[in-house]
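Alright, structures below, take your time with them.
Two complexes come next, and they have one chain in common, subunit A, joined by subunit B in the first and subunit C in the second.
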Partner chain A sequence: MKSITLKKLFLLHSWVGVVTAVLLFIVAFTGALAVLARPELKIWANQSLQQTQHIPNSEISTLVNTYHAQVPKEFGENIHVFMPTGHNFHLLALVFESHHGDENYQQEVLRAFEFDPASLALVNTYYGPSKQYYANRKTDAASYIGEFHADLHLGRPIGLILTGFLGLTLLVSTVTGLFIHRKLIKELFTFRWHKGFDVTISDGHKVMGIWGSIFNIVIGFSGAFLGLATVILLPAAAFVSFGGDQDKLIETFTAIPEPIISYVNQPTNITAILSDAQQRYPHAVILDATVMAHNDANAQVYLRLLGGEAVASQLLHYNGQGEYITSMSSFGHIAGVSIKIIEILFPLHFGNFAGLFVKLLWVMLGLACALMPLSGMMMWLAKRTRGSTPTLSADAYARWNRFIIGSCGGLVLACCVLFPVQVLLNYAVAGAEHNAYFGPVFFYAWLVWLVIAAFWQNYKNYFRATLLLCALFLISVLPFNSVLGVNNVINANSTLVAFTDISFLIVGLAFLWGYLKTKPDAIALAEVKAA
Partner chain B sequence: MNNKKTFSATKRRHLMACLLALVTATVMITGMTTYLPLQMSEQILLPILLFPIIWVGLFIYAYISEKASQPFLVMITLCLVHGILSYFALMQGQG
Partner chain C sequence: MSTVMIVIALASLLAALLLMRSKHYNVAYKWLYCWALIAIALAFFISVYAVLAGIVCTIAAFTVMGILVALSKGKQHT
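Then we have the complex of A and B:
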């Protein structure tokens, strides 16, 4: 390759990296946490999910029949049963939908009944527009971070477009990075941690970039697709074939066509359907069931499953008598290679296709992806302070560092704050009222730490303070939960809760170790040794 | 590294990479649905899947081409061809 082309690629790599560094860190770091959000951290955050329990299929069937009889006729069009698995819902939810509204609403409306998974006691009821129900469901710390990763809480489409474009720029950075670091094999195994800070950062950037290149390409590609699919790609594709009607396009490809109601009464055998699915896929989790034309001779039931042998989520189709009809992708029976690729994009992005080991691998690679733009930015800044005619003064360099610590370190701190807050909320605040706290706590913690950057002159101490605070918040989770939580390390009622609390402690201690290792004396000694 | 020596017409390249590449990739998705010799679902989904690759290709090309006019011509041509194909497909649909 010509040296001028390499120069151009190098400059392009630098520009894209510098412009997107902070945003890419924000999205990648929260993405790494979001990998564990569902179901692990969601179960940790919700007491109702913490005891392993299996709700008898006959109980679910009885509840559907009982509450279907109580709701007005129009609400029987579609019945959704959301299982308390920690993937979406923390309670068993029965949702009765009317697509065409009712006497009070001229829009899609629903009646929901939520039950405690252990006692099956009715906990919540809802009647109103469908959108509001799904938007105001109880959230938790990990889900809040996961939702922030998806659209930065900027709403849709702006947030989705932003994260989608960050996926595209990650692709550009990875591709240009692979071209400019051509000595791949050598750089894969070069990490000189004792040769001074700048060399360590530079080697770390290359090692993380090359080892993580395939992951970064997969995440960049799938992230771009997930972000832009509904706001740019589908409308553009629908423009010619469907005259711009995106809903019609989705309807054409929809997995669940509306059945023709026969008005012949025939009980829908939900018990048999759930049992059959559990027998067919014993290692998969049933996320939800959709019952159409319930207790009609033409009733159809669709179950959405995740896990087991299948990489992507799958949809099982049954008729009302409980006969298995077919299994398909969650997008329905669409022929072709493209849909197969789209299907696997989701598990590849979320890392939820092969158990906890792959999830932990995804977390590590996600954190490496988050550190890539930061290390690149630090190299870019350091380079401008060196030489006989540096283009960046020492003051400007310190300001940049403070800004990076305030924005990126502030985000890490804001995420760390949410976990002890979750324990406190579980103790002091009921149900969906939690939702009102996460936003202010998260954004104010982040904002305050960013504003402090303007006043804290010594950026090394500012960085150490960030590490210390993160350590304190994470370490506090275990004692807080031991005192306030129903399930904790002491009573070990829930293995997942005990394991998660201990994990928070270990990560907190790692932050504390980082704080102690970056003592001003230790830094000075390391610099002298390197010299 | 001196940017002025490395790149000619830097501002134009920035504009092409940031704006024209996006417009071209989007118009191409629309236009590709008219001529891909595949069944309808594949005709729609394949361009969607190709979008990130097309955009990244055009973005990098906007910078590494020797002359800034080359990517400009390529992108404008792609836009026009796919735009015209989409227009005719829409007209046929209405007719």
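Then we have the complex of A and C:
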């Protein structure tokens, strides 16, 4: 490749990286945590999910029949049964939907009944607009971080467009990086930690960039697709093929079409359907069931499954009598290779296709991906302070470092704060009232640490303080949970809770080790230069 | 059983990476052994998970272990 082209690629790589570095770190770091959000950390955060239990299929069927008889007729159009698996809901939820409203509402409306998974006692009820119900479901620390990763809590579509765009920039940075670092094989194992901080950072950037290139390309592409599909690609497809009518496009490609109600009464055999699905896919988890035209001769039941041998989530279709009809992807039966690729983009992005081991790999790769823009930014800044005519003064260099620690370190700190807060909330605050606390705690912790950056002159000590605080917050999870939590490491009622608490302790100790290994600086670099 | 198979697969990948990094073997044999070890890891991952998941898992595990080997036993010269 011509040197002038390489130079242009290098400029593109540098500027795309520098402009988006902090945002890319934010999205990649929260993405790495979000991999474990559902179901592992959601189970850890919700006591109702902590004791492993299987709700008998007959009990689910009885509940559906009992509560269907109690709701007005129009609410029987669609019945959703959300299982307490930790993927979406922490309680067993029966949701009766009316797509055309009722006497009080002119919009999609629902009645929901939520039950404790262990006792099956009714815990919550809801009547009102559908959107409000799904938007105000009880959240937890890990889900809050996962939702922040998806749209930065900026709302949709702005947040989704931004994260989708960051996926594209990750893709551009990875591809240009592969072209400009031509000694790929030679630099695979080069990491010179004895040759100073700048060389170490540069080698680390190259090692993680070369090794992680396939992962970064996959995550960048799938992230861009997930962010931009609903806000740009879907309207564009509707504009091209359906005269701009998005509802018609969704109706055409939906995997769950509306059945024709026969008004002939015939009991829907939910027990047999759930049992059949469990027998067919014993290693998969049933996330939810959608019952259409319940107790009608034309009733149709769809089960959404995750795991087992299938990489992507699958939809099982049954008729009301309990006869298995077919298995399909979430997009239904659409022919073509492209739909297969789109289907596997989701599990490839979330890393949820093969158990905990793969999730841990995804977490490590996600963290490596988060360190890429950060190390690149540090290289860019360091380069501008070197030479006979540096373009960046020592003061400006220190300010930039403080800004990076405040913004990126502040985000890490804000995430660490959420976990002990979750334990305290579980003890002191009931149910969905938790939702009101996560936003203020997360954003104020982050903002306060960023504002402190303006006053803390010695950036190395500021970095050490960030490590120490992260360590203290994470280490505090285990003792807090041991004292306040129902299931904890002492009584070992729940293996997952005990394992997660110990994991927080280990990660906290790793932060503490980092704090102790980083040497304190008595005088800031800027002060040294000024002297 | 699955855990044992995953551990063996990871050990094979680690051996392949250390072999890739070493300079003590004839180049042709070195790459042959590397590919053989990666194939063993792939076979184990495929037997634990399904085919597609096994292939993706092998690539991901190889990437993570590659980064860890490079960072822990990195060469001190270019």
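Keep this in mind: the second predicted complex is superposed on the first by the 520 of 531 C-alpha atoms of A that agree within 3 Å, B and C clash if a C-alpha of one lies under 4 Å from a C-alpha of the other, contacts with A are read in each partner's own complex, and residues count from 1 in each chain.
The rule is simple: a residue touches a chain if its C-beta (ideal position, glycine included) is under 8 Å from a C-beta of that chain, and two chains touch if they have at least 3 such contacts.
This one's a predicted model, so the numbers in the text were calculated from it and none came from an experiment.
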Is A:517 contacted by the first partner subunit B, the second partner subunit C, both or neither?
neither
In the superposed arrangement, does A:203 touch subunit B (first), subunit C (second), both or neither?
second
Touching A:212, do we find subunit B (first), subunit C (second), both, or neither?
second
Kindly classify A:192 by the partners it touches after superposition: subunit B alone (first), subunit C alone (second), both, or neither?
second
With both complexes superposed on chain A, which partner does A:344 reach: first (subunit B), second (subunit C), both or neither?
second
Taking the contacts subunit A makes with subunit B in one complex and with subunit C in the other, which residues are shared?
none
Along subunit A, where are the residues that touch subunit C in the complex?
183, 186-195, 203-204, 207-208, 211-212, 214-215, 309-311, 344, 348, 353-355, 357-358, 361-362, 364-365, 368
Quick one: in the complex, what on subunit A touches subunit B?
4-5, 7-12, 167-168, 171-172, 175-176, 220-221, 224-225, 228-229, 232-234, 236-241, 243, 249, 253, 334-339, 341-342
In their shared complex, subunit A is touched by residues of subunit C numbered 6, 20-21, 49-50, 52-53, 56-57, 59-61, 63-64, 66-67, 69-71, 73-78
List of subunit B residues in touch with subunit A within their complex
1, 3, 6-7, 26-27, 29-31, 33-34, 38-49, 51-52, 55-56, 59-60, 63-64, 86, 89-90, 93
